[in-house]
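Below are two complexes that have subunit A in common, paired first with subunit B and then with subunit C.
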Partner chain A sequence: MNANVGIVIVSHSPDVARGTADMVRQMVGDEVPLAWCGGNPDGGLGTSVPDIMDAIGRAWSEAGVAVLVDLGGAETNSEMAIEMLDDERRGRVVLCNAPIVEGAVMAATEASAGSTLDEVRRTAEELKPA
Partner chain B sequence: MNGQVNGSILMRHEVGLHARPSVKLTKLAKSFRSRIDLGLSPDGPWIDAKSIVKVMAAKAPRNTVLHFRAEGEDAGAAVEALVGLVERDFDDGD
Partner chain C sequence: MTVDPTTDSAVRERLIRAIAERMIAHADELTALDQAIGDGDHGLNMKRGFEAVLAAAPDLAARPLPAALAEIGKTLVMRVGGASGPLYGTLFLTLGKTLPERPSGDELIAALAAAVDAVKARGKSDAGQKTMLDVLVPVLDDLRRGGDGVPGRLADAAHAAAQATVPMRAVRGRASFLGERSIGHMDPGARSSALMIEAVVTCLEERA
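Showing the complex of A and B:
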């Protein structure tokens, strides 16, 4: 199976999350496990802990999963989702402190080369506004 | 065999070394074991061609000559492949 680090994109807006995932697929390719979530069941903006946990499961890789988020609740809900994972998986999921779109592309590029979870996170976080 | 291999190529790609070309270049560089540097002049400064963040930050415009410098067991193949990618316009026409 895929040994590359997986990427999860969590946005309040399903359109932003889906669009970011499209950019990753088109710019980097499909050698990286990728999942996204965003929006609430009524079609509005929001993020939910179960949806994030589900996305982490879909993008799961034994090498770990890097999570990219947008604002506030996306971050706290992602932290909560990571907390609620099995012991075995919890230590292999990291939240990246990086802009969601740029960070996702950078992280996926790094992950596509078979880099470790820590290298993937560092590459995403290395990005600074010009 | 750990000699240094150099190569250079004029980049004609319309938008220069922007996001998609940078990703392709970095991904290709990462597929080799050698240390590979990218420079926008023959004397550097050199940046790590395997760092997507640094390659993108170089913002090399169209008609820049890209210089590659590789060191390691597959240095020759690496430089050849990278020069080829730029020569083919990053395979962007497909």
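Showing the complex of A and C:
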């Protein structure tokens, strides 16, 4: 089992989410559990609560999962998805208030060093606009 | 003769259909409002969610009112795809959780208040920020005042409240990116809330 914090990328656009995940893989490597999702339940631009819950499951790590989102609805839907997780998992998933691409790369870099969920989030959030 | 969705599953089904059909019928209008100040998906998202609700209407109506409301909330959360899914979903889920099967007037108001509070928490927002709360909060206040004309007058109050979002400046959601340019447009969430309230009121006022 991978002991590093997992990273989930949630964008309105599947292309943005997939591209961000590609960048993380190339820059950080395979040491970090990583999953992405994007698009509404019909495949258009948007986000989907079941897809986010599924992505959290795919990136699951006992060390927790950090979620990076793009805009408004992605944040609200991710908060909802986290609340709907099992009690045991809910407390080990955090949303990072950071730009999605830079935040995902920074969070994954921190995670690959074996850092805690809190450290991963703080590193990603150093990027947030003042 | 009055219509009572707490005891009559046929009334519940009419109510569920009335809400869903109103949302679906106004999808283009809601999308147009959202194109002006948001990301242009509100109508489509609400339509997707409420088509799923409509398809399940007989099954939903067969449940007691609180369970039906909670299931509608869950359907919206899972199907809508935009921020309105968790926001309206939370409204219905909280109503379902809070409402007894045979609520008194006070219990109904308490459940609605809990649901509006839950929407505030979910959206980290409150009235005055050009959102659906600018309809829900004043309509709840109006319901609390009671007196003559309830529920009919609540539909008018809801539409007036939605109209009052036109000169507001958005500070939440995508519309807040527009700053001053969000002024002069009705908030799409306020509009959908007003339509929903009107659908409920109209349905409850119909003679059985």
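Keep this in mind: the second predicted complex is superposed on the first by the 124 of 130 C-alpha atoms of A that agree within 3 Å, B and C clash if a C-alpha of one lies under 4 Å from a C-alpha of the other, contacts with A are read in each partner's own complex, and residues count from 1 in each chain.
Rule of thumb we're sticking to: a contact is a pair of C-beta atoms (placed from the backbone, for glycine too) under 8 Å apart; a residue touches a chain by one contact, two chains touch by 3 or more.
Bear in mind the structure is a predicted one, so any value in this text is a computation, not a measurement.
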>> Let me test your reading of the model: by the given contact rule, A:Val28 touches which partner, first (subunit B), second (subunit C), both or neither?
In response: first
> Is A:Glu126 in contact with subunit B, with subunit C, with both, or with neither (first, second, both, neither)?
Replying inline: first
> Of the two partner chains, subunit B (first) and subunit C (second), which one does A:Ser112 touch, if any: first, second, both, or neither?
Replying inline: first
>> Per the contact definition in the header, classify A:Glu62: touching subunit B only (first), subunit C only (second), both, or neither.
In response: neither
> Looking at the overlay, does A:Gly73 come into contact with subunit B only (first), subunit C only (second), both, or neither?
Replying inline: second
> If you count the residues of subunit A that each partner touches, which comes out higher, subunit B or subunit C?
Replying inline: C
> For subunit A, which residues lie in the overlap of the subunit B contacts and the subunit C contacts?
Replying inline: none
> Mind pulling up the subunit A residues that touch subunit C in the complex?
Replying inline: 12, 40-42, 44-50, 71-73, 75-77, 79-80, 84
> Across the complex, what residues on subunit B touch subunit A?
Replying inline: 19-20, 23, 26-27, 30-31, 50-53, 57
> For subunit A, which residues count as touching subunit B in their complex?
Replying inline: 27-29, 105-106, 109-110, 112-113, 123, 126-127, 130
>> Under the definition above, what is the set of subunit C residues touching subunit A in their complex?
In response: 39, 41, 44-45, 48, 77-87, 89-90, 122-123, 173-174
